[in-house]
Amino acid sequence: MNQKLQTRNWKQKLHEVIYEADTPMGRIFDVVLLILILLSIIFVMMESVKGLSEKTYDFLYYSEWIITIFFTFEYIARIISIKKPAKYIFSFYGIIDFLSTIPLYLSFFFIGSSALLTVRALRLLRIFRILKISRYIGESNKLAKAIKDSRAKILVFLFAVVVVCIITGTLMYIIEGEESGFKSIPISVYWCIVTLTTVGYGDIAPVTPVGQLLAALIMIMGYGIIAVPTGIVSAEYSASQKAAIVNINSQSCSNCNASKHQDGAKFCHNCGHTLFND
Amino acid sequence: MNQKLQTRNWKQKLHEVIYEADTPMGRIFDVVLLILILLSIIFVMMESVKGLSEKTYDFLYYSEWIITIFFTFEYIARIISIKKPAKYIFSFYGIIDFLSTIPLYLSFFFIGSSALLTVRALRLLRIFRILKISRYIGESNKLAKAIKDSRAKILVFLFAVVVVCIITGTLMYIIEGEESGFKSIPISVYWCIVTLTTVGYGDIAPVTPVGQLLAALIMIMGYGIIAVPTGIVSAEYSASQKAAIVNINSQSCSNCNASKHQDGAKFCHNCGHTLFND
Amino acid sequence: MNQKLQTRNWKQKLHEVIYEADTPMGRIFDVVLLILILLSIIFVMMESVKGLSEKTYDFLYYSEWIITIFFTFEYIARIISIKKPAKYIFSFYGIIDFLSTIPLYLSFFFIGSSALLTVRALRLLRIFRILKISRYIGESNKLAKAIKDSRAKILVFLFAVVVVCIITGTLMYIIEGEESGFKSIPISVYWCIVTLTTVGYGDIAPVTPVGQLLAALIMIMGYGIIAVPTGIVSAEYSASQKAAIVNINSQSCSNCNASKHQDGAKFCHNCGHTLFND
Amino acid sequence: MNQKLQTRNWKQKLHEVIYEADTPMGRIFDVVLLILILLSIIFVMMESVKGLSEKTYDFLYYSEWIITIFFTFEYIARIISIKKPAKYIFSFYGIIDFLSTIPLYLSFFFIGSSALLTVRALRLLRIFRILKISRYIGESNKLAKAIKDSRAKILVFLFAVVVVCIITGTLMYIIEGEESGFKSIPISVYWCIVTLTTVGYGDIAPVTPVGQLLAALIMIMGYGIIAVPTGIVSAEYSASQKAAIVNINSQSCSNCNASKHQDGAKFCHNCGHTLFND
């Protein structure tokens, strides 16, 4: 039993180091992890730069293995130290942590196989490690809430944008034809999205007067409707902020049980009975 | 009369299947229709891709006929099952449904005629079928209301943008001249719209110092005035949302006849008389 | 004296036709003017299109003269029919009306002179006639007010943008050098404005890694600070709209002389004395 | 002691001229300084324009020395006339003033040395003098406050944008490959930032269908999420403005010590006791 207690104690300490940033050890662990994540991202990027990756091949190779081994230990430690490992493993961060560790091992097993290119692509997916960083970003609850609240509306809006792009893209395909670079409807729709979102690469551009007129209409439309998602988020965020300012609390009247009292209210807004603040 | 009742019964059932999504049959009908619309859009797009359309010619040809026949039955069924067919036929969806069905028949009748290109363009208009989908998008009333409320102001604003583009376009034509690609005033105005809306293709770009200065002014102006439509929609949407939050009801006081009472108010805000809620 | 009265009467009628849109004659006058303005704009544009202007030279020449003569009569009539001609002549519309009429006469007098190009440019300034149209656009007072109220702040903001562009433009000139198209600081500043305002022509683009990094920073900055003017207009417009909703009136208390009473308020918010509404 | 008083007097006068814009001398000083700053910026720009700088070499050389000497005197005068020179020297404007003066001297000392290019770059840093101008821009406190309040949130947002760009950039590198211009992950991330911020140079553009599809998704995402920073600033600014309208003051009731009284309130909103305004 003493043995068992010690195990629990040891697990609890590990839990403290990994999951709590308040203890000195926990803080050191967090800083080391943060640095390793950033280093790892930089290494993945360096690997893709031709001249650079050849010069620093050995360095990148060994660094990557060191980082991967550390991430492996981190992943195992997280599973051991938590009470319900399944909950962690299938959580967002659990999956990210798994994907951060596995690519190198996979590339190790598949080496020599013909699917070299696929393996290389797989290795590059280590870039998703950057999502591990989101653990360290403040929650910024209000912002997230505003986006969440307006997500449905923004999706409807973006869907409407896609519908508009499909229709105008087809019209442009009919008007401009294949000589101007509008080779097919999908390409025309792609061009239309490029234009409506005001990106405007210029790799494809209308050359006929009618095409340019329609393009101008699409642009002005894009310029006008960009206001819609902005207005939505703006209003939602403003509303969520106002709710926070007025500070409606969860108190309820002892007399009539009415709720939604303003912070600092002394009398029930419903029956006039005195409210007792904590 | 029994016959008549049966007919009505049969029509009513059709009406339920087509117009109501709550019954099991209605739900199946909706899903089948949705899939056919999306397939149809994909087929139109595939048809325009060179290599693809040649390989899959037969498949596309027969699929298109099947979809069109289904849409024909749907159109006829909608007309039969409704009490006032004229109202449906000339409604937005009635016209869309008609245009979704007719192109293939037309191309069939005109085949062999010299106006082959026009017929092909006609067939492509099947893309408008995507608008049939809007039946399935939630109303999102508040958003639609905010856009509707600010439509007039946004149109005035966009008209002002066009006026600015015509004037600055003419100035650019005078400054840059035809060597820089500003071949005529319409082209210059087109360039000006491309610039002001921050699309910026780069197919035409000023090369003289004075032209670049004016272009920079137009861009900064465009960057500044994009705020205007956004501000309008944002404020309108915010207002329409606030009205929904405060929930001013149409109740009026039985004592002093004052109106605009907040939802849930128990006493008149004007004379203090008790309000009777429904 | 009878003569004088008749003159006044005649002038008054002219005033009615020109300045008032409520009378039948006034409405006809407005419609004719509107059509002539739009035609004139179209003619100026046609003149600049190479192939088109040669084919329709005679038509454009005579049409222009007819329109100009009409505008001349309009200008003279406006001066005659108003009580204080000076006030009209030096008003915004007075200047626009003058500039709408004079270019053709000037080109007539200067014809044959060597300054042909300048004269042609002068003729093109007829495009400013489009501003005559603004007489017919509804005032949209609230919108104009919101822009007016936020003008100072937006100008300060845009000035800050220019300062940022001058500094980053110089840095890009140092980093990228003249080989990448950043030929001089003014060009670099121009590029920087193109990038920050998210126009992005692509005629000049950074090629060195450091330059691309700085460019990425400028873009993200531009993406972030576009929020500022939008936020300003949005808030100002929202405020001007709210003021309209709350309806603070100009009434003042008969007892304590306090003002800014809400519409419909029955008692002074300052001393509690009864307020007498009109 | 008389001597000492005179010195103080002389210093005080200098302080008035330099730091106060209300006295006639102070106003003249400000105007001269403003003109010199703007001239200096124009000269730096002219220096970089090839043809221009050769023609006007002598003029630019002597002008620059005159301006630099004036700025030197200004810098020394600012140090002398203030009570705590250290506070000025290490303030934002102190550093800017120092950097505005030093480049020419440095270039003088290093002349003939091999590091010619670096020295030239150093001289161009005179462009930072433009920041001296910010002394003359009105504070526009509310705007600055709104940006300050939303800075943290905008930074989190922009960081999220960078994370998205790194991930999608890597995906594009895998999809498009090096033939399409996506030569390495950093280049792909750069392209992704160019696209997401709707700049869209077009120097790199996807050519494969899958790449164009992903690009379209990034664009639509960029179009949708531009709403986020705008919404934040808009709401913050609106809130800061509302606070300014209601004018909640820091007064507290002498009876119950409740605070957050509205400006001009005469009675405590909590206990009804009379409030004594200053």
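General observations
As written, the chain order gives the labels A, B, C and D, with residue 1 at the start of each chain.
In the analysis below, a contact is a pair of C-beta atoms (placed from the backbone, for glycine too) under 8 Å apart; a residue touches a chain by one contact, two chains touch by 3 or more.
Protein names from UniProt, one per chain: A, B, C, D = Voltage-gated potassium channel.
Quick caveat: nothing in here was measured; it's all calculated off a predicted structure.
Fitting chain C to chain D on CA positions gives a rotation angle of 90°, reported to the nearest 5. Homomeric contact chain A/chain D: same residue numbering on both sides for under half of the interface positions. Should one ask which of B-D and B-C has more C-beta pairs in contact, the pair is B-C. The distance from the centre of chain C to the centre of chain D, each centre being the mean of the chain's C-alpha atoms, comes to 30 Å.
For the pair chain B and chain C, the distance between mean C-alpha positions equals 30 Å.
Chain centres here are Cα averages; for chain B and chain D they lie 42 Å apart. Residue positions of chain A with contacts to 2 or more other chains are 157, 186, 189, 198-202, 226, 230-232, 234-236, 238.
Interface residues of chain A facing chain C in the complex, by the touch rule stated above, are 198-202, 230-231, 234. Every residue of chain C that touches chain B in the complex is listed here, in rising order: 41, 44-45, 47-50, 121, 124-125, 127-128, 130-131, 133-134, 137-138, 140, 143, 146-147, 154, 157-158, 161-162, 186-187, 189-190, 193-194, 196-203, 226, 229-238, 241-242, 245, 266.
Residues 152-153, 156-157, 159-160, 163, 166-167, 170, 173-174, 183-186, 189, 195, 198-202, 205, 209, 212-213, 215-216, 219-220, 222-224, 226-228, 230-232, 234-235, 238-239, 270 of chain C are the ones touching chain D in the complex.
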